[in-house]
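Naming follows writing order (A, B, C and D), and every chain is counted from residue 1.
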Amino acid sequence: PEREKRFQARIDAEERIEPNDWMPEQYRRTLIRQISQHAHSEIVGMLPEGNWITRAPSLKRKAALLAKVQDEGGHGAYLYAAAETLGAAREDLEDELLSGKAKYSSIFNYPTLSWADIGIIGWLVDGAAIMNQIPLCRCSYGPYARAMIRVCKEESFHQRQGYEIMLALCRGTPEQKAMAQEALNRWWWPVLMMFGPSDKDSQHTETAMRWKIKRFTNDELRQKFIDATVPQGHFLGLTFPDPALTFNETTQHWDFGEIDWTEFKRVIAGDGPCNRQRMKQMRAKHDNNAWVRAAALAYANKRQQRAEAAHRVAAE
Amino acid sequence: MATMTDAPLFQYTLRLADTALILGHRLSEWVGHSPVIEEDLAFGNMGLDLIGQARALYAYAGEVEGKGRDEDALAYLRDAGDYRNLLLVEQPNGDFANTMVRQFLYAAFAHPYFEALAASKDETLAAIAAKAAKEMAYHVRHAAEWTIRLGDGTDESHARAQDALEELWPYTGEIFEVDPIERALIDIGVAVDPAPLRALWNKTMDDVLGEATLVRPRDGYMQSGGRAGRHSEHLGHILSELQFLQRAYPGATW
Amino acid sequence: MATMTDAPLFQYTLRLADTALILGHRLSEWVGHSPVIEEDLAFGNMGLDLIGQARALYAYAGEVEGKGRDEDALAYLRDAGDYRNLLLVEQPNGDFANTMVRQFLYAAFAHPYFEALAASKDETLAAIAAKAAKEMAYHVRHAAEWTIRLGDGTDESHARAQDALEELWPYTGEIFEVDPIERALIDIGVAVDPAPLRALWNKTMDDVLGEATLVRPRDGYMQSGGRAGRHSEHLGHILSELQFLQRAYPGATW
Amino acid sequence: PEREKRFQARIDAEERIEPNDWMPEQYRRTLIRQISQHAHSEIVGMLPEGNWITRAPSLKRKAALLAKVQDEGGHGAYLYAAAETLGAAREDLEDELLSGKAKYSSIFNYPTLSWADIGIIGWLVDGAAIMNQIPLCRCSYGPYARAMIRVCKEESFHQRQGYEIMLALCRGTPEQKAMAQEALNRWWWPVLMMFGPSDKDSQHTETAMRWKIKRFTNDELRQKFIDATVPQGHFLGLTFPDPALTFNETTQHWDFGEIDWTEFKRVIAGDGPCNRQRMKQMRAKHDNNAWVRAAALAYANKRQQRAEAAHRVAAE
């Protein structure tokens, strides 16, 4: 309790907690859960976008998409590394994902059905992710905060790229414009769900706020996102699939309609369009390549033994 | 269909571009599906290098041709019979061993080849090659490391790597072929003669396969035809995916 | 994109056609790759039935639409978002168990459905349906026999069949959906109301799965969207192959 | 020897030998080898054409190609059945194919690279096959002769369809015409090789002729084929890739250039463009589906046991 007070005092003073510092067990567990979920989301998130790498409509777009999906892998890797500073083992975290115990962002349970979806994911999904992540750059846990700074920088780049894809479609042929609108229709509500349940239903918020793992509530971030995004969509000439969307002169915010929380819960529970498919893809890659990991391990062991043997010979 | 009467420089550049694109495309198929995240990143890197090389080469080929075809017109609007890539690079990914061995076989050639091409009298090709040579150095290193790791790993990985080697070896002869189109360019110092590079390639093979405890296949009949547009059945399937949007929405800008 | 204001008869016919084509295409992927030659022949038969149904339905849809689109224009020149097939039939073939279970789930519905549609007030649909009903009777029988054989075969085949069932079950709800487009046609005796067919389908399921010693999955959330053009990621890949030549050589006659 | 004389006398009298008749061991072995090779060719032959089923350019062509490939499977099935009447087991024959011990027609070691190849296979490959097979309809061994009658009927249909595909291409756009010409360039020589080595190098011919398994020599059949085919090609407006091809007014036959027997031997020996691929495809289908055949067997056994058990209960 005394240690805990000192810990809280450091956090209140906006000091960074580092791996070797004392921290409450629940703080550690909360962070491991959040960071690994974030890592899992990056890894699973490679699948829906990866679905279009081989079909990207120009070499420039192909290269950009490949680089983007690769960046996500990179984010996954350093987020796993950040979780490891808290004593978690990457292999255990991956096992939790494969067993279905650990969650990943539910947005990746939606399919990418047209090229416009690649634009939408950049513009909206990455946009929402950034909105969630910018405050995390000031997270009380040092390694996470530093990882987030790097992630956010790259995500902003992806977001601009995504918007640029949308712009090309909206300024393109009527078919391309329709493709963009149709994608927006499918993604808009699921993207709003990315900020999590409404504050009145959210459980983790209070402690997380106190520990400065979280700095804004779900609803605050969602509103910020909508306010930033709606004018961008209008600039593209797109219509949001929400008849209740109106600018409130009093609050200076965009009012919006009711989110379908049944869908939100259903998709998290496993019944989204692609939950089974994503898990199948993840397990297939894990299982089909087990022999590669085994080979790498066997080779590393052999090398070590040889080095030791050579060392013994030299010593004799 | 391209013939000998086409401008040799256009043909030559196109061959290099097609090989880079198709291999880049193949590697990109792995991204998100690799054995470990680090390999997703490596495939991403190598894929990006190759697609980057393809873009530069297509742009130059289009310029040389002078008919207004840009990189996308060349990549997306030619059917299989007009593609000029090496057969080796269009072979299916297969398992991780197959992909890595394919990469090793190609990169062990491409690295010294682009180093030599960096001295081309054609300044554009020289510049593209200088960049590509640096990139391919990493490909050789990475693919050789994995070839060794798999060859000298477990019994299973050894068997898979050896299988891959047997499977792909008949496509390595084409790498060193020179036809009159290329000979003409070699003679004027624009293209590179692959013959003198063979000894180095052989040495790289022997060194790496030796360390990997893999048996170098004997040089039997070598498959050929990519540079004349006679491919394997795999290329058409690559193109049906690669080109879908450009074909389905003709004239659109993306 | 199709909307509610499109002619319902066109929409309805197109849905039936798309479902038949995509399932036929999937089955045709097996031909030459089946566990025994007899199954190559069976997949050929069933694929031909379905493609035949699709052709008749597309031809009629084009006629109803009256814009001069023939069967190939409808099959080859619409992108995924304009396809109206059931999600069930676009799911990947997976292993033999997965393909057979998928066929069983669909055919156990389609057979009585087409029998009912044979009494449609629309004479063309009635004629197409009468023929299709006879064909689908064979599909049910064949797929049910295999479902039983696999379910009550070895431990491995049982596990694979059960997996397939779990995997595909969430796509069976959509089969029975009726939207306003279809309701309007049901009301005038043109389309068939699937609701009364549910009991028979349930009985077929219970009988066959019982004999196959397979556990019928519980009816959880059912995936939906095919009839509104919201598909799975698989359809786009089917179309990139299916449509390649028509897209690559626009306006050509084959 | 007495029996052998009677046997030869029956053959000379154009009588059909039937499964239960006595026959020389070498006759039996020759026929098993020939019939099973023929069956294997039908089965392996499904692969190159199957490669275009999913990409056929119209629904009509798609259905026709599917039906055609299916017919080949059917031919394979009843040719295996004909071989079984000679005491061979289908499973053994299939194993010989998979192990590489048995051969199949080398033409299927060439790839199908464009839609025109589907036309060419129908027109030329099936055309050559028919030329080889029509005399087999009068083969001394009854079951083989009857199988061949059915096969030839279907193959003629396929050949007409193939020619019709070529006609559509040659009357189509310049690109289509070029596609047809390019396919002819690739296939012409390999098709001529389908008739086997030149008579002066052919080993099996003499005995086979005496037994009326074979009725024309390789060179006779090849010449017949060329004479029938060249005018068809000219009608299409195509050029054969053989500068030596000229009509000989004296012999009333088409003279043609030298066949590259090195290529012929090489491809038979395993170094054709697709030998490895075809065997890989065959083995993959065999291995990946072993569990299906095991399940069918297990189920059949279970059923039989149950039937027997029910029978016992009823009898008690």
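Here is the rule we go by: a residue touches a chain if its C-beta (ideal position, glycine included) is under 8 Å from a C-beta of that chain, and two chains touch if they have at least 3 such contacts.
What you see is a predicted model; the values in this text were computed from it and never measured.
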Look at the interfaces B-D and A-B and say which one is made up of more C-beta pairs in contact. A-B
Cα centre of subunit A to Cα centre of subunit B, whole Å, reads 34
Averaged over CA atoms, how far is the centre of subunit B from the centre of subunit C? Could you give it in whole Å? 41
Averaging over Cα atoms per chain, report the distance between subunit A and subunit D in Å. 56
Give me the residues of subunit D that touch two or more other chains. 55
Quick one: which residues in subunit C touch 2 or more of the other chains? 79, 236, 240-241, 244
Counting only chain pairs that touch, give me the topology of the graph as line, ring, star, complete or other. other
How do the chains pair up in terms of touching? List each pair. A-B, A-C, B-C, B-D, C-D
Over in the complex, which subunit A residues touch subunit B? Could you list them? 43, 46-47, 50, 53-63, 66-67, 69-70, 73-74, 76-77, 80, 115, 165, 168-169, 172-173, 175-176, 281, 284-285, 288-289, 291-296, 298-299, 302
Subunit C residues within the subunit A interface of the complex: 1, 79-81, 167, 170, 220-221, 223, 225, 230-233, 235-236, 240
Which bits of subunit B are touching subunit C when the two form their complex? 79, 236-237, 239-241, 243-244, 247-248, 250
Which of the residues in subunit C come into contact with subunit D in the complex? 21, 25, 28-29, 31-38, 40-41, 44-45, 47-48, 51-52, 54-55, 58, 71-72, 75-76, 95-97, 148-150, 152-154, 156-157, 160, 241-242, 244-246, 249, 251-254
Residue positions on subunit A within touch of subunit C in the complex are 48, 51, 55, 111-114, 178-179, 182, 186, 266, 271, 273-274, 276-277
